[in-house]
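Presented sequentially are two complexes of subunit A, the first with subunit B as partner and the second with subunit C.
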Partner chain A sequence: MYRIALKMLMGDRGKYLGIIMGLTFASLIMTQQPAIFVGLIMRSYSFITDLGLPDIWVMDPEVQWVDDIKPLQDTELYRVRGVAGVAWAMPLYKGLLKARLPNGMFQTCIVVGLDDATLVGGPPRMVEGRLADLRRADAVIIDIDGAREKLSQPPAVPGGKRIELKIGDTLELNDHRAVIAGFSKNTRTILSQPVLYTTYSRAKQFAPRERKMLSFILAKAKPGEALADLTRRIRTTTGLAAYSREEFMGVTFRYFLKNTGIPINFGVSVMLGFIVGAAIAGQTFYSFTRENLRQFGVLKAMGTSNWTLLRMILLQATLVGMIGYGLGVGLTSLFGWAMRNTILAFKFPWYLLLFSGIGVTLICAFAALISIRRVITLEPAVVFKS
Partner chain B sequence: MGADKDLAVHCRGVLKTYGTGEAMVTALQGVDLEVRQGELMMLVGPSGCGKTTLISVMAGILDQSDGDCRVFGQDLMHLRNHAKLAFRARNIGFVFQAYNLLPTLTAAENVTVPLLINGMGRKEALKKAEQVLEQVGLGARTRSLPSQLSGGQQQRVAIARAIIHEPRLIVCDEPTSALDHETGHKVMELLKGIALRRDRTLVIVTHDARIFEFADRIAEMDDGRVIRIVTNSSQLH
Partner chain C sequence: MFTRYLLPLLALAGFLFGLYMVVTGNKPTPVAEPVAQPAQAPFESFIAGSGLVEARSENIAIGTPLPGVVTRVAVKAGERVKAGQILFELDDREARAEEGVRRAATARARAGVEEAAASLKEAAILLQLAESVDDRRAISLEELERRRNAHAIARSRLDSAKAQVGQAEAELTAVRTTLVRLRVRALIDGEVLKVNVHPGEFAMAGVTNLPLLVLGNLTELRIRVDIDENDAWRFRKEAKAVAYLRGNRDLKTELSFAYVEPYVIPKRSLTGDSTERVDTRVLQVLYRFDPSQLAAYVGQQMDVFIEAPDMIPQTAADGPPDTRVLP
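On to the complex of A and B.
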């Protein structure tokens, strides 16, 4: 009987493809849009994830997320270093500065100042040059994507290739000379500004003079020290905010959820995808069942039980659901692969597969349910109507 | 009692109403009818007289509102749903006016449906279907879809489907009305020649006077009642 169910489904090519297209569309929207959303959200705290070494981030208690800088006095560093359980604590400067390019154009960059001695807080991976090269005079390290895109210069001839920065080139930061000493590979930030690394003392020279310049204190717990206890101790001792890496990512993530329109915009897209997919697939599946009511009636008259008919419809719904889901997820993966080297934020973690799987299952269940109801209540005597 | 044993269908005072209150329509108003085993009984009468409702009750796909209808001694109305389905699947064959073949299945696959409902394996069912299609003269068209067959051929497939599981009662609703005279005649010859046996009963609802000659008895209905039963069509008005 299951083979009959499948033949009934596939025999009506137009409707079969219609249902699959609806489910594919729903599955695509329910994976592609959240994948971009997740990509964007991950970029919002990419600065935190890129800094692997410190366990604890210490900052002004009013800081709401990673780019919300409220500078501290340099003396706070020593107070943190004095808290029991802290193995080490280093300063970090983070600010937005305008870089003047060799062609005279300006570009806003994220400037990160690392502890002069240890260079803690450096980029996750060097592409060219070494982190230690920052100790050279006026040295900066630039993230490779920024160097290739926003910091590159227009082509020498119309239609030519953009001129990328190279080691030894100079930039001007707030009237100070900066020499490129290397390139790093960073996770893109949410606004995709180029990231420039330099030493803490040099960053303070680059930045406009302010009374407080210390953006964050990066701390490491002593071996065996519980992070939750240590952050609590830092908070109570210094009056500053102290978060573990994961906590600070969570703070940033929640800020984005609460204070930006990003989740709502993507949520609306996903909801629309779900509704349109459900409408197309549900309506087409129901119409397919309606057109086959006489056939279901014939089967019923011949002695097929409602339970068997229900399983036949569920099989039909499961098949179109699986095909639609597979195609949608496949198209999303293809989209992600095609966009892998672009500025587009795209992350496709396993839980999005689960999310869209649940979505498609709900659509299929809805489509099957309205069809099943019609078939179960069908009077088999309908077969005698001409 | 011995006479009862020979009865395929035994209806007494069968009443069937549709709807309630002022919208209530009475389709059968106390039908008394006996159909013997091995008999080809035709139900005739004007449209809306209750013929189709009566065969629906006989086939167990519609419950009467009142009265008693036994098929091979079995009171279908009081059977549990599961038992009724099983009874229908084993004992009743159907031939419809519009053939009602599943359009996406081949002729052979259509014929296997009653066997599959009764739990037979697909391969075995297909083998048997091919044999039965051979019997009805469609041995060469087993893989054809209904849309690739003529009306007469489709009705022959429907007949093969109706007999493949060896039912004891076959109900046919206007089996020839969509066919021309010659094809209709052939279909009736097939029904009488292959479907009808000593232990198998055929009840045919028809308007088609051209096939009355095939009937053993003809029950004429009007206004929800059987008004006469004749053995020869010349006895009808």
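On to the complex of A and C.
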């Protein structure tokens, strides 16, 4: 019986391919668009992701997301250190400063100042140089993407290669000299500004004079300390906002959700993919079933039960669904793989596989449902009419 | 063929590729290890503060009483000095010239005394001669009075000349004092921590931004701990305290309490510019430690942890805690 079902399905190649194309398209849209969305959102808090060591971020209660800097007084650091359950707490400066390149060009950079002694909060991977090189005079570490793109200079001869920064080159940060001591590999930030790492006290010199300079306090909980308890304790004792890493990512994510059109735009794309996919696949599947009504009628006249026919249609729907889903996922992955070294934000977590799987299943179920209704209500006598 | 096998195979390959992308694309970001492990408090509940190492005598910024060009610096940084030892000398040519002038003036004044003494002697003889004449007619009363007056004037002149010697000598002593003051000396036994003057430089009198020379007694080191005013009520004198050297948390030392400065001051930023305005006030507590226990330099920053009662706002609300730090 199932062989007949498959033969029926693949017999009409045009329709078969049509259904699969529709489903492939739907599955592609439902994975690729969310993957770009997830990629963008993850970039919005990539700074937190990249900073894996501390458990807790302490900041001004008014901070809305990671780039919304509201600096604290320097002594707050010691108050946080004095909260029971805190293993250590370190200062972190984060700010936007203009870097002047040797050719006179300006580029806004994210400057990150790490605690002078421990350098807690360094970049996740070093491409060249070591983090300890920051202890040298005027040293900064630049992220490699920034150094290759925004901080590179136009070629000396027309058509030549762009001049990239090297270790030992100097930049001017707010009239202060900065020497490049190394290159790091960071996750891109949402605005793709180059990231410069330096020590906290040097960052304070680079930055324009402000009354308060301390952007964040990074804290580590003592082993066995519940993060929720500790963040609450920090909040009540110091009056500052304290978030665990995940909470701070959530704060940043919700800010984007509320204040930018990004999630709605992508949601609309995904919705359109789903609707168009469902329309094409459902309509093609239905017309395919209608064309094969004679065969179903014959089978029914031969005494095949409704249940068997139902299973035949379900098999057909499952098969096209799986093929379409597989192809869609494959195309998305191919897209992601081809774009892996470009500026495009693409992130493919496991739940997107599940998400598009559910989407395709829904489309197939919808297509199968309308066909099944037709077949079940079919009178076998119809076949012999004309 | 294409529809029957290739498509499902392609779909399977696509799905597997998707799985591969999921697995490879979502590796956790590596965690950057700190270059040095941060210091951790050995207490359950504590106050944290930044400490600055200073000498037992506090760091003495040596000044000069007189301004002038430095001609000689007698000590090097790190040198031990005794009380009274010369640290540096200022240009003394003007004072030396003045000394010569004053010495000559003294000699002249002394000669003046001899001159006045001789005049007095002459007047005395003349008076005696006149007085020894018995016959009143031989000498007029006027002449006798004149000689008496001359004698009295000569005596006063001698007193005046003697006073002038005293004045000249005092002036000479004043110039010599100036000469002494042009040599700046150590007032305590200690070690030279910093030398900021060099021969040829002009040394200003009074309090300068950059001290000319820093001196300190290093037999015992002190650590000045800044405690945020909000935490000050938790501080107890008898509480245990530990200091960690920045950059290597294995280097630590137990601290013993020295004293509290019972005056809360605006926080001085240790790292940034001196013009930085930070509107917090801090309580400064001094602890001492043995320099042989921990090789710390004066002026070095340390992370200090002081054991303190836990800060639970509810208990604070129950009743005012014993916040008195004053003895």
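Keep this in mind: the second predicted complex is superposed on the first by the 386 of 386 C-alpha atoms of A that agree within 3 Å, B and C clash if a C-alpha of one lies under 4 Å from a C-alpha of the other, contacts with A are read in each partner's own complex, and residues count from 1 in each chain.
Please note the rule applied: contacts are C-beta pairs under 8 Å (C-beta built on N, C-alpha and C of every residue); 3 or more make two chains touch, one makes a residue touch a chain.
Model, not experiment: these values are computed from the prediction.
In the superposed model, A:Gly303 makes contact with subunit B only, not with subunit C. In the superposition on chain A, A:Leu327 makes contact with subunit C only, while subunit B stays out of contact range.
Looking at the shared chain after the overlay, A:Gly52 reaches subunit C, while subunit B stays out of its contact range.
In the superposition on chain A, contact is made by A:Arg209 with subunit C only, not with subunit B. When both complexes are overlaid on chain A, the residue A:Asn259 reaches neither subunit B nor subunit C. Looking at the shared chain after the overlay, A:Thr108 reaches neither subunit B nor subunit C. In the superposed model, A:Leu119 makes contact with subunit C only, not with subunit B.
Subunit A is touched at more residues by one of its partners, and among subunit B and subunit C that partner is C.
In the superposed pair of complexes, A:Ala381 makes contact with subunit B only, with no contact to subunit C.
By the touch criterion defined above, A:Gln64 lies against neither subunit B nor subunit C after alignment on the C-alpha atoms of chain A.
For the contact definition in use here, the residues of subunit A common to its subunit B contact set and its subunit C contact set are 10. Across the interface of their complex, subunit A is touched by residues 3-4, 7-8, 10-15, 17-22, 25-26, 28-41, 44-50, 226-228, 230-231, 234, 246-247, 267, 269, 271-273, 275-280, 282, 303, 305, 308, 310-311, 313 of subunit C. Residue ranges on subunit A touching subunit C, taken from their complex, read 10, 13, 16-17, 20, 31, 49-53, 73-76, 78-79, 81-84, 87-90, 115-125, 131-132, 134-135, 187, 200-201, 204-205, 209, 211-213, 220, 222, 236-237, 319, 322-334, 336-337, 347-350, 352-353. Touching subunit B in their complex are the following residues of subunit A: 1, 3-4, 7-8, 10-12, 294-295, 298-305, 308, 379-381, 383-384, 386.
Listed in rising order, the residues of subunit B touching subunit A in the complex are 52-53, 55-56, 59, 61-62, 82, 85-90, 92, 94, 96-98, 100, 102-105, 109, 113-114, 116-118, 122, 173-174.
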